[in-house]
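In the two assemblies presented below, chain A is common to both, partnered first by chain B and then by chain C.
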Partner chain A sequence: MGAGLLLVFLGLITNHEKFWSSWLLNGFYFTLIALSGTVFISIHTLANSGWHTAISKIPEAIIKFLPISAVIMLLLLLGTGNLYHWTHVEEGDTILLGKTSWLNLPFFIIRMILYFGLWIFFSYKLINISLKEEEEGGLEHHRNRIRYSAIFIVLFAITSSMASWDWIMSLDPHWYSTLFGWYIFSGLLVSGIAVITVLVIYLFKNGFMPWINENHFHDLGKYLFGFSIFWTYLWFSQFLLIWYSNIPEETVYYAPRMDNYPVLFYLILVLNFAIPFLVLMTRDAKRNIKYLVISCGSIIIGHWLNLYLLIAPSVFHEHVTIGFSEIGMALCFGGLFMFVVFRSLSGKILLPKNHPFLEETFHYTS
Partner chain B sequence: MTNKYLHIVFRDEENLFEGIDLLRANDFSIVDVMTPFPVHGLDHKIGLKPSLIPTVGFICGAIGALTGFFFQSWVFTSSWPMNFGGKPFFAFPSFIPVIFEMTVLFSALGMVLAFLYRSKLYPHKECSTEKVPITTDDQFVIKLMKPEGEKLTLLQKLVNELKVKLDNPEIAISEKLTFFNNKIVALVPLAFILCFSSCKNNKEQPGYEYMPDMVYSRSFEYYSANPLDKSKSMAKVPPVGSIPRSFTPYPYPNTKDGYEQAGKEWINPLSSNDIYIDEGKKLFELYCVYCHGQKGEANGILVEKQKFPPPPSFSSDILKELPAGKIFHSITYGKNLMGPHASMLSYQERCKVVLFVQSLQKKL
Partner chain C sequence: MTHESPHREPLISGRKTYRQITQDICSPILGKPGKLWYIVISVTTLVFLYGLSMIIYTLWKGIGVWGLNKTVGWGWDITNFVWWIGIGHAGTFISAILLLFRQKWRTSVNRAAEAMTIFAVICAGLFPVIHMGRVWLCFYVFPYPNIRGPLWVNFNSPLLWDVFAISTYFLVSLLFWYVGLIPDLGTLRDKVASPLKRKVYSWLSFGWNGSAKHWERHESLCLILAGLATPLVLSVHSIVSMDFATSVIPGWHTTIFPPYFVSGAVFSGFAMVLTLMIITRKLMNLKDYITIGHIEAMNKVIILTGSIVGMAYLTELFMAWYSGVQYEQYVFMNRMQGPYAWAYWTMMTCNLGVPQLFWFKKIRRNVIATFIIAIFINIGMWFERFVIIVTSLSRDYLPSSWTYYKPTFVEVGIFLGTLGFFFTAFLLFTRFFPVIAISEIKNIMKSSGEYENRK
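So, the complex of A and B:
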């Protein structure tokens, strides 16, 4: 983390655009992962799931990073001029002038605060509910959790796709894709679950979660398998339509990505689709920690690279290699993330004590 | 039914598991367990090996994917290469949806067939295992080989102990199981009578509509009778001489006289210049080269593969001096085996193709 910090400052001095693009890359990446904790909890609450209670303390710990990533993303506002072309629209650019009612700096800031406000509010609400439930018990807290989860899911569906337009898609303000929000969302889900799985495996290996068995791993494996295919499906749906219709105003998005980053472009498909797909295909592989770790690592790296490929070609017009700035910042934020997560996990029993479905998770077979 | 087997009937799956454990511990051979719904962990409990169906599914899926890939590659690059919107013949991204569908299809059919083969089933075959209808209702049945002598008494003792232990008097050993509840069977004819009583012979009365919602439109149907003028339909004939927007009329009919007349009278509204000829060339390469060939020498890919008989070459005696009007007429209505192209190329585009074809005629 310290080394990362040093590299970050080095980056800030040398190259502004590179610094801010990697700031956005890593800030957004860890925002997605932190947010996936809330999504994980609310989805399982609404589905009346019981098995996830064995690991539900881990997404709750991940959420704790959300306020920090909010600060990181708000600091990004200092660098909008370097990143977002729409902050300085040229005369005669009718497309961008037509979009100014949405893409203007004050409204951009308001939206960013709004998104983070909503996400942090609901995330902490869910954490507080589970803390209170642990102290007091009773079903009322779970009912509350269901209520807040339901509202959150609806708001999340809207805000997550709007946030991905704002922060990532507007890097290419002339281009748009109606699938973009879902594409980012699928990446959020699969990389978040990969991080949760890695944390569960780490804690399990070190004996902090003796109640976990291979049935729980099987479910996490199914998630990884299913959602990595889902991500590929959305990736391909977006790509195929643009490739097939071959209209210049749409292909302008893929052309620099395929021409300037030929290796990376196909590498993300290998890392995010081929490896998890082939490794996790059989039932036994989904129940095996070794295979899970391989595919989680592949997905975590793969989605970071995917995000790099969404951001870098839009900011720079020629090929730019991944440098100290990106990796240093990833190390720095990653270290911070680990610090926050493990600090909130340490010294506690990692079970939601009075959760009404807790008993179910011990008798779970899948 | 022979008395080879015995059945033990349970009321819920928790008791069933206890029973299975007890029987396996005492070395009774369980033939089958029948349940009203899939019970998690049951196959593991009675010591079944993992099914081979997933492997079959994987192999069939892989065969399907390869079939989809190679078949499309063969069709689009070798057998019948066609241009779709200027894409390369080997357009891999567009193969993917079909490959995916083939994978799913082969995998699903393969698994069904493997399942039928393994269970020795085919349509209309009687199920070889015994039918125990109560297991489709609410009861769980263990079927086991009927033990002999001492073991039989042991079994009865065990079941009695289980009854007491689980406090469940409904657990029972049975040689033959009752099939249908008689009261329910009596209801079956009643249901038939109810069903048939709803049939009517009167075809004028269509019966009752349940939630017609948006079946009846408020607007007039296109070909319905006109309420203002009963003799006519709602659809109106356009005024004489009207044409669709941005449509250029072509006065010569699709007859031999029309062909000759067009050759004499038709004048290309576009004057020949390099831009039009170049655009005409692009259109020619999209629609015509597959038969006519790059230079109009009748050596297109479909002709060379003998999918189509060769059209006359542009350098042949008939076509060398062909006037613009006849070329335009042929493109519009088609000629011999060539189909009409008016629906694919607009009037302007056809004019450009004519210019390009004429440039080929001059070159040769």
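So, the complex of A and C:
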């Protein structure tokens, strides 16, 4: 973390655009991962799931990073001029002028505050419900959890799409794709599950979660396998339809990515699709810690690179390599993330006592 | 060993034994159908025959008897095709994806939903074939060595992808349904009285004897088929959506189409499952197996997929404005205010508005309300495809060729005919095959039966 911090300052002094683009890359990446905790809990709550209770304290800990990522993303506002072309529209650019009622700085800031406000409110609500449930017991808390999860999922569906249009898609303000929000969401889901899986494995190995068994790993493995295919499906849908129709307004997005970053462009497909797909194909692999770690590592790095490929070609017109700035900041935020998560986990029993379906997670086969 | 939390609703109500389950589910097949069944099947068969005569009329006279014109080349035919294909998706979703997600409630509805899938795909497949006009040349679509030049077989065409997607889908669904039926056919073979029936069921059950070996093979085959069918749920309707989305036509070409069509398909499919199952459970006395809990679970799937569809509608609207492309903007203004505005607002009301009532638990658990809302969704999803297909075509890039499209009695007749076929087939199915998977429901009785669980 310290080394990362040093590199970050080095970056700030030398190159503004590079600094802010890596700030966005890492800030957004960790926002997605922190949010995935809330998504994980609310989806499983709404599906009346029981098996996930064995690990549900992990996503709850991940959420704790959300306020910090909010601060990081709000600091980004200092650098909007370097990143977002729409902050200084040239005259005669009728398309961008037509969008100013949406893409303008005050509204952009209001929206950002609104998104984080909603996400943090509901995330902490869910954490508090689970704390209360542990203390008091009874079914009322679980009913509350269902209620808040339902509201959160609806609001999240809307705000997560809007946030990805605002923060990432508007880097190319002329370009648009209706699928973009869902595509980012699928990345959130799979990289979040990868982080949760790695944390579960780490805690299990160190003896903090003795109740975890192969069935839990199997279920997480199925998620990794399934959702990495789902991400690829959305990636491919967007790519195929734009490639096939070959409309210049749309292909302008993929052209620099394929021309200037030919290796990275295909590498993300290998890391995010081929490796988890091939490694986790069999039942035994999904129940094996080693294979899970390989796939998680591949997905965690792959989605970071994917985000880099969404950001860098939009900010810089020529090819830019990943440098100290990006990696340093990733280490820095990553270190902070680990610190927050482990501080939140330390000294606690990592089971949601009094959860109505808790008992099920100890007796099931997947 | 699995443990079921006492806080969960039982999936089988009443005091049931294994024997009782077999009797409850087999009784319609062993007994004689009532008067009502005969009346209904006569009506649906008549409707089916009417549709058949309209198909023959079309083949005899040519596609000119339909309302299509130079501007609007796809009308009711392709609308019906997409609608029927979508309906099939609930069956595959229930049997494949819900199996992987260990949703036990699926066992009560999967058999009927899978049967529905097969009948719906048959109805769907009919439309592209007769739309070709010269049906006798329909083998042109298949890729085999031929001398017809570079145009056939055109692997670049999404229409060809459709041929593969749908035939694979039909095949896998049929296999899945039939494999699931085998143990139950064995049960029926042992129950029926007449020697002829016994012979037929015996032949159909492939000599099933219920040995451990048979069960083991049966279960691993089911799991493999579930694995194969899962990507199919996504791929089939994605490819159907690409029939539109690959074209450079405003309102058709948009990247959100594949997942949005899939979600819409599951949405409409569940509405149709509910439409059928609510009637079936009443007429066949299956309320202990298809409980209010089952209906609520399906309504939850409806609210989820329906809201995803609604989100897609709004995303498209926003992006049309945001794109700054005047054609995109016009298409949506035209949908909202143009000659087909009535269809657009019907779609919005039925798909985005009405299903939101399911947020209320009281409505989710009310059978009559569910039935009415399901009908609304069936209608709304038909209109969704109609709006997408017809509004975009009727006003294209060239204002001089703008036109209004109206179906003739022939197209309406063919559509009614497929409805007739669908219900006739379903009614026959209820008399010859168990509508609930007996073996699967017995499987969950220990963990989820009301009586067993409370012992």
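Convention: the second predicted complex is superposed on the first by the 366 of 366 C-alpha atoms of A that agree within 3 Å, B and C clash if a C-alpha of one lies under 4 Å from a C-alpha of the other, contacts with A are read in each partner's own complex, and residues count from 1 in each chain.
As a working rule, a contact is a pair of C-beta atoms (placed from the backbone, for glycine too) under 8 Å apart; a residue touches a chain by one contact, two chains touch by 3 or more.
All values derive from a computational prediction rather than experimental measurement.
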Overlay on chain A: chain C relative to chain B, clash or fit: clash
Of chain B and chain C, the chain that contacts the larger number of chain A residues: C
Chain B versus chain C as contact partner of A:Thr282, first or second or both or neither: first
Which of chain B and chain C A:Gly117 touches, first, second, both or neither: neither
Touched partner set for A:Leu179, first chain B, second chain C, both or neither: second
Touched partner set for A:Glu360, first chain B, second chain C, both or neither: second
Chain B versus chain C as contact partner of A:Tyr244, first or second or both or neither: both
Which of chain B and chain C A:Pro262 touches, first, second, both or neither: neither
Partner chain(s) touched by A:Gly50 [first = chain B, second = chain C, both, neither]: second
Which superposed partner A:Gly137 touches (first chain B, second chain C, both, neither): neither
Set intersection of chain A contacts, chain C complex versus chain B complex: 240, 244, 365-366
Residues of chain B touching chain A in the complex: 40-41, 50, 54, 58, 85-87, 93-94, 96-97
Contacting residues of chain A [partner chain B, same complex]: 236, 239-240, 243-244, 246, 281-283, 365-366
Chain C to chain A touching residues, read off their complex: 1-5, 7-8, 100-102, 231, 234, 238, 242, 245-248, 253-259, 300, 307-308, 311-312, 315-316, 319, 322-325, 359
Chain C-touching residues of chain A, taken from the complex the two chains share: 46-48, 50, 94-96, 98-99, 102, 139, 150, 154, 157-158, 161, 165, 174, 176-182, 222, 226, 229, 233-234, 237-238, 240-242, 244-245, 247, 249, 356-357, 359-360, 362-366
